Structures are given as structure tokens and as C-alpha cells.
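One chain, subunit A, appears in both complexes that follow, with subunit B as partner in the first and subunit C in the second.
After this line comes the complex of A and B, so read on.
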């Protein structure tokens, strides 16, 4: 799967999980850029992404995410 | 050494001046020696505790970086156990014994009090702050976000840098370690911005916090003797006092570091405009709340994420229980933490409902009401934090909510140092208003120079005059020194 496809799917997950139609993610987006994305919703987003792609991140991977691009890279690596 | 002492008035300019006079290669040693001197003003021998953890964490960092797999985790655990172990012995051991004694007595098991092995030691100052900062280092090295520091002196300075050594901000290695390696050339903008921020901190501490402390202390010392008006006023003033005391300390810390070109993390961001408790913890003691979030709450949630919302709630309750305990070895502090944990749980559970309600309301009105409600909750929760005992908490709430006026005493009180009468009230009110306007309403950064020299000169002169003429100079320690 291409990175922009993954990004588009992750965007859908964020819209659903955070209940905000206006979210437009880029690879550089961080939690500071999205109002509802706080430390509490972070875990819900991770779980929703894992369900969507049927993958499982390790704790180390989750702690290493600096922005949405890092998460997309990890998803692509998992999907092989 | 206290920031608000004569010694610091000499220490600070000497250390800053020498810092710039020395060549870069000697500066780390100068700052380390100065920081040791600063720390040893309290109980000199306690510096050995610092050395002990510094040596362990220095080697743990290198070993973690050089190893792989389960061995890495073992080194991390060794570092964490050493740090928490020191905290437990010096801070929580006697509290643990007290609770065991209480438990045995409740079960009618006789204990001879002379056989209880209490430790008769003073709590090492700043212990909870620097052990947390040290743990942040080994955890970040373990997570691969920070390279292990090879220079022992620089690592020691990371833990001991005098501005943040005894009451934070609890720094992260990614933010400060590289700054000790970089050469800071003298910049007048750093010196001026640093000095102005220090003045602002001294103003909040000496003019506001220590002034209203006289009133607050008098009420909290004998809550049963005062009517509900006095109690209500003391509860509100304590919110202002603890903010001015602690954020004032942080401002002095950030300012004194800034004069030498170091940028420490911002610890407060106008907490009283918070519209809910989650918002509050993103604005209050940010270095501690983000520490707990990154190293305790998030790992709990990640590990148990299959349980969905229950993991978040469990994580919140555990985190805030421990956060309460971090503040002090007493049930009052634990109670304070738990109350906040429960409030945050409520916010998690009602998040979607509240979002729907907001849509039906006028946003500005909703935000104002939320701020008022949040502030009310904070004031009531700080009663648990400030009260001397669990029974005092009951007395204060009882006096407050029964609108008891029979115990009414005059608002005018005397302490050894200051009479808290109408004049003191008026001064405190004007100064609080002034602080509020500068911090919240003016587009003027207190952390950087704004290219507005006239405003800087007027503000700095006003602060200096206020401190010298209205400051309360009785060397009150900072509230967070006890932790």
C-alpha cells in the first residue's frame, strides 16, 4: 500500500475517533496540530488504527511516533 | 540555598559573572561546583545521595545504550529501582511504618512504640524532583530518544544544575543536555530577559504569595475558630498563593538559567483560565504532569489498550494516586491526587456528552461557566492539599458548607512579621489584579524580550519598586521545597 493511501485511511480513522470532520492530516501533523488529540485520545487513536489495518504495534513503536508520518511508516512496515 | 535569601543575592551574580569570564571548557565544572555549593546550604551530607544516584544512572545510561534485548530492560529496571528505592527510604519509610502501626492497632495487635524502627532524618531537599529528572534520562536512553551522555561531569550537571535542582522544572535530557555542551556567548538579550523573569518571579513570591500566606496560614492553623466567610476567603487566597509561590519559583529558575543562555521548559501556562481539569493539568506544573503522562499513564494505557476506556480510567487513577503520593508522604496528598483522578475519570466518561451540550450553548458563556466551575473545584481540592490533617479537612468543609458564622473572628490578624489588615488586603488585591493583567491580558511575553524597551523598563522598575516596598522578607520557604 502506498503511503498516501495509508495516510488517507488514517485520516478517516481520526475523523471517526475524534468526531471531527475537519481533520486533514499530513505526514508532519503532530498532536499539537489537532485540538481533540490529547494524551487521553491518543490511545484511542492507536487502538482504532490497529483495528483498521489489523496490525499490532509494539510499545517501543508507539513511544517512537513523533508525527503522523512515523505512524504511517510503521503501518507500511507491518503490512509488508 | 533559598532564592529569596541574602546568600542568593550574592551567589547569583558571582556565578553568572564567572560563567561568562571562564573559557567554555571550564564552565561545566564551574556550574557543577556552584550547584554543589547551592545544594550543600541545606544538609551538606545529603549530597552523597545525589552522587550515589548520579553514578548509578550515568553507568546505567551507557550500559543501556551498549546492550540489546532483555539486558537493556534489566539495566533500566536497576536504575529505576535505585531511584525509587532512595525515595522510598528517605521519603516514605516512616509513613509506611505509621500506617502499619495504625493497621496493627486497628486489629488490636499490641505494639511497643519503642520497638518501631523509625528513621530520624530530615527529608533531603528536592529529592522528588531530581530523582524524577534522573529517571527521565535513563528512560529516554532506553527508548532511543537520547544518546547516553559520556561526559560524567555534564551528566552530573544535568541532575544538579542549580536553577532547577531543588524544585524543578523537572527537565528532559533532550531539552537540556545538549545545552551544557554548547558554548553560550554573552548576549545582553538573554541577561535582560532572564533578569526580568526573575524579578517577575520574586514579585509573585514576595509581594503576593508571602503576603497572603499570613492570612491563609492563620486560618488553616485554627480552622475551627473562623466563620465561613474567612474560610472561603482563605480557600480562594490559597489558590492564588500556591500559584504565585510555585510559578514564582519556576520563573526565578527559568530566569536565572536564561541569564547564562540556558532555556528551561515552561512549567505554568495561565492555569486559572482552564476550562476543565484535563486542561488544568496541561497548564499546571507542566514538567511533572507531562512526566507522569509520558512515563506512567501512557505506558499503562498502551499495555492494557485492549480494555479500551477502562485502561484509560485505570491509568488515570493509578497515576493520580502516585502523583498525590509524590507530593508528600501523607494521606492528605494522596487524597488530593485521588480527587483529581476521579474528576478526570468523570471528564473521560462525559466527553461525548459535553461535546453535544457545547453545541447547544453560547460558546463564550459555556467557557466562562466552565472556568468558574473548574476554579471552584481546584479551590476545594487544594483544601485537601493544604490542610494539616484529615480532621482539619472535615472541619473546613463543615464550617464552609454550614455557613457557620458563630466562630467569626476579625479579619484583622497579627503574625510575628506582618499585620494582615485592610491595607494588606488592598495591596494584595491590587497586586493580584496587576499580575492577572500582565500574564493573561497583555500581548507581552515574559519569557523573551519583545523589542519593546520602554515597556520592559517600566515593568522592571515597577516590579523592583513593588518588591522593595511591598515585599514580605521573612524568608518563607517555597511550598514545593518540602517535596
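After this line comes the complex of A and C, so read on.
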């Protein structure tokens, strides 16, 4: 899967989980850029992304995400 | 178990809760509880309840519950939820020396007892405690069963001791995390990575299950629970169609997949023995539909187990309405089982309040599915519960007989009613408390009393307590009405509580009760009786209660008064006996 496809799907997950139609993610987006993205909803986002792509992040990966791009890279690596 | 999604619950938080009744809850935990609180509030929307939740600061259980001046007590909650995380408990256990391990559970329980007794001396609210998922800790393998200093032994002991505590104290409910975890499996209820990364002790998929369970407890304690199960017959209670296949070919017992239906019937029988009213609603010829109950050797349920039997060609919704008219309980306390999705949808649409489980396609799956729904949560039991089937059968008989009398009076006097009137005593306390908690319709002020509050009312010199048993020639109704009078001044006594079971409506019982209230007021030397009607969503039927009994309206809205001296006794068809 191409990175922009993954990004688009991740964007859908964020819109649904955070209940905000206006979210527009880029690879550089961080939690600071999205109002509803706090430490509590972060858990929800991780679980929702895992379900969407039917993957499991390792704890190391979760800790290493600096931005949405990192998350997309990890998803692509897992999808192989 | 119906799957609920955490995100869906969270989305509910943005919706409009106005108009929903408020329930005040305190949540205390030694692990983060924010997501639990979000999920609970969100679930409240589905149940039409607005939970106002005070979430104590992290790890403040002891500090808050031991201090009479704490925020928790100042908040005056209806329920206190206490959550000790299993992971925390395990850490504490592992830190103990070998010699301290065998008394770990007793020490823990002793501490909880102290905490809960502090709660009880500061408030009368109900405590909901989450018990512990058993933990496969892999230290001793199965041999953990052979030693009392294993974590497995100690955690099981804690869970058992919690049950003993709940038996002893009337206001402790256990939210059975252990049971839910074993039903769903550790892999579902716990996510190691979320625990390590975010200290989340329940997985996101488990949280909705936990809050549903907590909410079941809350609703039942608030008087909202199911009292009746209505059963379709063909392919629901037995396999096949009795009208086509005949009695010898329906699947029950050893025939075909009969075992699925036999086991379902055993379960229904257990519910019936517990006090759930069992009714039948089937599109069938009545004679043919009754035949298996009367003649089939493998049927578990028999005619005497069924309170109301409706087999005809009317619509299911009409028959359920007829059942409701006989039983006089709310549609929101009924469960309807039917294998046919069309009938289910029809009933749901016609009677939205009724619970209609979407039975799985395969009858083999019916029972496990139904058990997983926790349809019959309850917060107290009384001796009356077990007699209910018989009582409602008697009701059904009375309904039929009533049609044969020319007028009401003739019918009422033919019932040969006798009522025993007595002050609250230790035998009636559980039932009185239960009635104050359950009665919603014929209840003037809807004040809920716990058993301990009922007991203290009976000792209160400024209170007059009256309870009413009723029987007629068809059988016992049991304790069906409760009155509490409170002295307001030397001249005035106020009706604090007046409630009645709707089963005895239209028997002149309310007039009989008023006669006894006036007599009690006279005996106490009072000149005036004051009554108040506090409207709720459900007690519309008594809005004009005082007016119709001859009370005069007072200036304040919904306040009524009656002059004791001018009262002339109502004619009633109920004979009074004193206890």
C-alpha cells in the first residue's frame, strides 16, 4: 500500500475516533496540531488504527511515534 | 454479548442529556479511571440517564473514604464505585514476604471492611466494588491450587470473601469482573501494550462491557429491572411447529436438537423459581399449543409454571398488551423471546419499551447468548418474589371472573378480601424496603428507603408506619401497600410515603388505606392530614389521588389536606384484621 493511501485511511480513523470531520492529517501532524488528540484519546487512536489495518504495534513503536508519518511508516512496514 | 464500541460511547458525550434523570456517582480507583468514567457517562446516554460523576484523584481511595469531610461525602453520591486494579493487587502481593503471603487476602479484606464501614457511617449510598480477574501468573502452574500462599489462591479467596461481605452488608454490590473476564478471556479484557504504554488496566474493548455491568447494577438498584419473560413457542421453546409436526415430532429432549430447547427451558425454570413471571405468547391454536405442556414427557415447563398463556391468532403486540393488562407491570420490565426476526421487529416497533433480544439463528446458541446479556440483574430478593407465578395466575383468574359480574361492588364483595394492617416489623422490613425501591406508578412521593432506613423508621417516635397485606378467596397478594406518616406539628401529620402495588388497583384498597390512615391520625390526636404528590415520569396515575379521595387543595401546588374531624369513612369491601 502506498503511503498516501495509508495516510488517507489513518485520516478516516482519526475523524471517526475523535468525532471531528475537519481533521486533515499530513505526515508532519503531531498531537499538538489536533485539538482532541490528548493522552486519553491517543489510546483510542492506537487501538482504532490497529483494528483498521489488522496489525499490532509494539510498545517500542508506540513510544517512537513522533508524528503521523512515523505511524504510517510503521503500518507500511507491518503490512509488508 | 452485544458488542459495544468505546468510540461510540465517547461520541455520546457530545449529545444532549437534558431531561434525563440525574444519578450522582463517585469513582475511586488505584489505577487511572478517566476512560471508565467517559465510557460510563456515554453509556448513560443509551440508558437515558445523566450520570454526574465525581472522579476522585488518582489513588485516593483510603484518603477519601476514611475522611468524613472528604469531597466524596460532600458530593453526596447515589453510588460509590471503588476500583482496585488486579495489576496493582498483584504488585502488592509480590512485594510481600513469603510469611505474609498466606494472610494477604484476609488483610486486604479487613482493610476493605474498614473502608466500607467508614462509608456506611458517612452516607447510606450503595457501594459498587469491582472484583478481580483471576490471574494466570505462571509461578506455580496448577500447583498454585495446592498452596495457600500462591497469588491464585489469594485472589480467589478475596473474590469469595467479597461475596461474603456482600451477603452480610445490604448495600454492597459486586461488579463481577472475574466472571466477565472468564467469559470473554484475558486476551480480550486486557491489552499488555496499552497497560505498559498508558497504564490502562482494562482494554478498550472491555471498558464498554464493564460499564454496561455497572449500569445494570445501578438501574436495578434504582428499581428498573426485568420482572417477566414472554416466550414464543415454535422454534423458540421447542424445535419444529406443533400445529404441523404434532406433539410426537417436536424437538425437545432427545429428539433432533431438542437438547438446546430442554436446556433453555431449565434456565427459564430457574428464573421462574427466582420470581420471574413466565408467560407464553404464540400464534397457535390454544388447545394444540397447550398439549406439549400437559402431555409431552420431556417438557420442563408445565402449565402451572406459566402465569399467562396467550395462544391465538391475534398479533404478538396485541397479545403482549393483553399480558401487560393482566400483570399490570411496565413494558420496560418485560423480555420477549422469539426466533422469528419479523415478529421481533414488529414487537419492537409496536412496543419500544420492551426488551427483545436478537436471538442467534442456531437454537444451540440461544442460551449462552441470553445468559451473556444479564437480562435479570436484581439488587435485592424477598420471600414474595418466589410466590409471584402463583400470584399472577390468580390475577389472571380474577380478570376472567370479573367479566361475569354486573357491577363493580358485586364483584368486589365476591372476592372476600381481607387485609392485615400492621406497623413495620423485622419480618416486613425487607419487603417494605423493596416496595419503596420498586414502586414507580402508584407512589405519591417516590421516596426510596433502604432496609436500615425502614428499620429506623419503625423506631422513630415521630413516625407512624403502616403496612398492608391483602388476600382474597383466590389467594394471597402479600404485602402490597406501605404508608409512612410523619408528625409535622402537634395538630398536623404529613403523609411521607404512600405507595401501592399496581396489582391491587381497582379493589378499593386506596379507600381502605385512607380509612386506616385517618384512624391512626385520630389515635395520635392529629386534626389535619397533609399529603403531597411529587410528579415523576411514571406516577401520573396518582396525580389526582388526593383530590379523588376528598382532600382539599392547599395553596402550594400538589399539596393537599384532609380534616380528620369531618372525615366520613369510605365504604369498602375489604375486611380489616389487626396483626
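Just so we're on the same page, the second predicted complex is superposed on the first by the 80 of 80 C-alpha atoms of A that agree within 3 Å, B and C clash if a C-alpha of one lies under 4 Å from a C-alpha of the other, contacts with A are read in each partner's own complex, and residues count from 1 in each chain.
One rule holds in what follows: contacts are C-beta pairs under 8 Å (C-beta built on N, C-alpha and C of every residue); 3 or more make two chains touch, one makes a residue touch a chain.
If you're wondering where the values come from, they're calculated on a predicted model, not measured in any experiment.
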{"item": "First, second, both or neither for A:39, with subunit B first and subunit C second", "value": "both"}
{"item": "Partner chain in contact with A:47 - subunit B first, subunit C second, else both or neither", "value": "both"}
{"item": "Which of subunit B and subunit C A:16 touches, first, second, both or neither", "value": "second"}
{"item": "Partner chain in contact with A:76 - subunit B first, subunit C second, else both or neither", "value": "neither"}
{"item": "Which superposed partner A:64 touches (first subunit B, second subunit C, both, neither)", "value": "first"}
{"item": "Which of subunit B and subunit C A:31 touches, first, second, both or neither", "value": "neither"}
{"item": "Shared subunit A surface residues [contacts with subunit B and with subunit C]", "value": "19, 39-40, 42-44, 46-47, 59, 62-63"}
{"item": "Subunit C residues within the subunit A interface of the complex", "value": "6-7, 10-11, 14, 34-35, 38, 191, 193-194, 196-198, 200, 203-205"}
{"item": "Subunit B residues touching subunit A - in the complex, by the definition given at the top", "value": "143-145, 278, 282, 293, 297-299, 301-303, 305-306, 308-309, 311-312, 348, 352, 355"}
{"item": "List of subunit A residues in touch with subunit C within their complex", "value": "16-17, 19, 39-40, 42-44, 46-48, 56-59, 62-63"}
{"item": "Partner subunit B, residues of subunit A touching it in the complex", "value": "19, 38-40, 42-44, 46-47, 59-60, 62-64"}
